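Order as written gives the chain letters A, B and C; numbering starts at 1 within each chain.
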C-alpha cells in the first residue's frame, strides 16, 4: 500500500479549475520532486494534501486514512504529514527552541522536558543546536528555514511536504537548506517537494512529476524526465530553465 | 450671596472626578470582557455568531452614545425596575466600549499573517490552539497602543452620562456653574481635569505605538 | 413585562423628527466642510508652517483631543458669553463641531502628508514651486486620498457626537426625540426611532463620503 494515494483530485477556485484530476501514489521512502510552470497548481496540490485547501472531488489517503475536512481528521492527517513553507512561517514571538517545542506540547501533549529534549535533538539535526534561544528575527533566512524543518520533524511525521523551501532565500543560503533536505532523504524520509532546483531534483529524487495546466503531464525517474522528455511542454519547460 | 473660592470649585470638581475615573475603569474592564466575547464571535467560523457580532458592532458604532444611554436608561426601566443612573450609565458604556474594542482587536487579529495560521494548522493545532498559542500572543502586542488610545475615548464618553443624571465630573461642572455663575472658570477647570486624565493616556498610546514600530523585533 | 410599545405618536410628530434630521444634516455638512478645512490648515501649519505657529497648533490639537466634546460645547456656549461673545445655540453647536473636527482631522491629514513623503516636496521645489505651492498642488491631494477613509470615519463620529448639542437646546434630531418624549411620555419609543434614524444617517453619510472620495480622487495615484 502506498503511503499517500491521490486519486482523481479536482480543485477549483471559483470558476478557475486549478487541479483537473490528479492521480499520484507515493511509496514510503520515496522522494518526489514536483516541477512545472508558475500557476500550474503545484502549491495547490501540496496544500490539498495537508488539508489547507479542501478538494472539490476525488480522494486523498494518507497511510490508509481518508482525508476529511473536519478538525479531528485534519489533526490526524497533519500528525502524519508535515509541511514546510516557502516563507518559513516561524512563530516570531517564540525562540527557535520554543518554535519546535510548542506544537509537541500543545498538539501531542508531550511533557515539557521531553519536548525540549526533542527540540534540542531536532535543532542539532539541522545544525542549529546553538540557536536554541534565538528569536526568528535573529536568524538568517536559511537558518529560519532549517528551524522550520526541525519544527516539522519534531512531530515525527511519516512524510514532509516542501513548497519551494529555498525560493525565498539568498543564493548563498540555498545550499545549507538543501543539504538538510538531502540528509532527510538519505535517512529514508518520504518527501514531496515543489522545487525549481533542477540539479537537486536530478540528484536526490526517485521520481519527478511535471505538472502542466492542473494535470500530471509527465512522471518518471529523473533520468527519464530530464534526459528524454516525452512531451513538447516538458521540453519547452526544461529548455526555459537555462 | 455665598462667595466661592477657586479652591472650593476645584475641590468639588475633583471629588466628582472620582466617579468619572470609577466609571471609566468599569466601562473599560467590562467592555474589554464583553469585547473579547464579541471578538471571538466575529472571527468564528460559523456564520451566525459572525453575523451577530458584525451587526452589534455596526449598531453601536453607527448610533450616538447619547441615544444608547437614553435607551439603556428608559429600556431598563421597562423591566419595571427603577433604574439608578449609574446602572444605566455602566451598562451603556460597557456595551459601547465592547463594540469599539472588538473592532480594534479584530483588525489586530486579521493583521497576523496568513502563514501563521497555515503553519500552526500544518502542525496539527486546532482552531482554539492556534488562537491561544500563536495568533493572540502576536495580536495582543500590536493591540496595546490602539487599546490604550481608545481608553481616552472611554474617559471622554463618560461625560455623556451626566445627561442621564449620573453625577460625575461634567455633571458637577453644571451644578457648580449653576451655584457660582462662573461658567468660564468652572468649565475651564472641568476641561483641565479631563485633560489631566486623558493626556497621559494619549501620550502613552503614541509612545507605545512608536516603540512597536521601531522594534522590528517581534517578540 | 406588561409594557406595550406604542408608535402611534409618529403620525403627529414625524414633522418634528424631520426638522431635527435637517438640522443634524446641516450641522454635519457645514461642520464637516469647515472642520476639515481647518484641519488641513492646521496640518499645513504643523508640518510646514512658521516655527512660532507649530506649538500653538499642537496645543490646540492636544487640548481638543483630550477633553470631551460636551465640555467644549458648554465652554463655548456658556463660558464665552462671559467674555462678551454671544452666539445662538446653532452657532455655538457649529463652532464646537468645527473646532473639534479641526483638531482630529489635523492629525489625520498630517499623517497623510507624512506618508506622501519628502520626495514629492523635493520634486516640487526642484521645479521652482514655493513651499506653499508644492503643498497645495503636489502633496495635498495624494495626502488626502491616502487618509480619506480615516477622515470619513471621523466625520461620521462627529455627526453621531453632535447628538449632544441638544443639551444647549440646539434643535437637532436628539432634541426632537427629547421633545417628543416629553409630550408623549413614550421615551423608549422616541429614542428607538431617533436612534434608527441616526443609524440610517450614519450609513448614508458613509456612502456620501465614499462618493465624494470618488469625485475628489478620480484616479488612483500610484503609491
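Keep this in mind: a residue touches a chain if its C-beta (ideal position, glycine included) is under 8 Å from a C-beta of that chain, and two chains touch if they have at least 3 such contacts.
Predicted model only: the values in this text are computed from it and were never measured.
**Student:** Is the way these chains touch best called a line, a ring, a star, complete, or other?
**Tutor:** line
**Student:** Across all chain pairs, which one has the most C-beta contacts?
**Tutor:** Maximum number of inter-chain contact pairs occurs for B-C.
**Student:** Nearest chain to the global Cα centroid?
**Tutor:** Answer by centroid distance: B.
**Student:** Cα centroid separation between chain B and chain C, in whole Å?
**Tutor:** Here chain B and chain C have centroids separated by 21 Å.
**Student:** Can you check how far apart chain A and chain C are, centre to centre, with Cα atoms defining each centre and the answer in Å?
**Tutor:** 54
**Student:** Rounded to the nearest whole Å, what is the centre-to-centre distance of chain A and chain B, using the mean of the C-alpha atoms as each centre?
**Tutor:** Using C-alpha averages as centres, the distance is 46 Å.
**Student:** For a test of understanding, state which residues of chain C touch chain B in their complex under the given definition.
**Tutor:** Spelled out, the residues of chain C in touch with chain B are 1, 3, 62-63, 65-72, 74-75, 78-83, 156, 160-164, 167, 174, 177, 187-188, 191-192, 194-195, 198-199, 202-203.
**Student:** So in the complex, which bits of chain A are touching chain B?
**Tutor:** Against chain B, the touching part of chain A is residues 50-52, 71, 74-75, 78-79, 82-83, 85, 87, 89-95, 102-103, 106-108, 135-138, 148, 151-152, 155.
**Student:** Within the complex, which stretch of chain B touches chain C?
**Tutor:** For chain B paired with chain C, touching residues are 59, 62-68, 70-71, 74-75, 77-80, 152, 156-157, 159-160, 162-163, 170, 173-174, 177, 182-184, 187-188, 190-191, 194-195, 198-199, 202.
**Student:** Using the touch definition up top, name the residues of chain B that touch chain A in the complex.
**Tutor:** 113, 115-116, 118-127, 129, 133-134, 137-138, 141, 216-219
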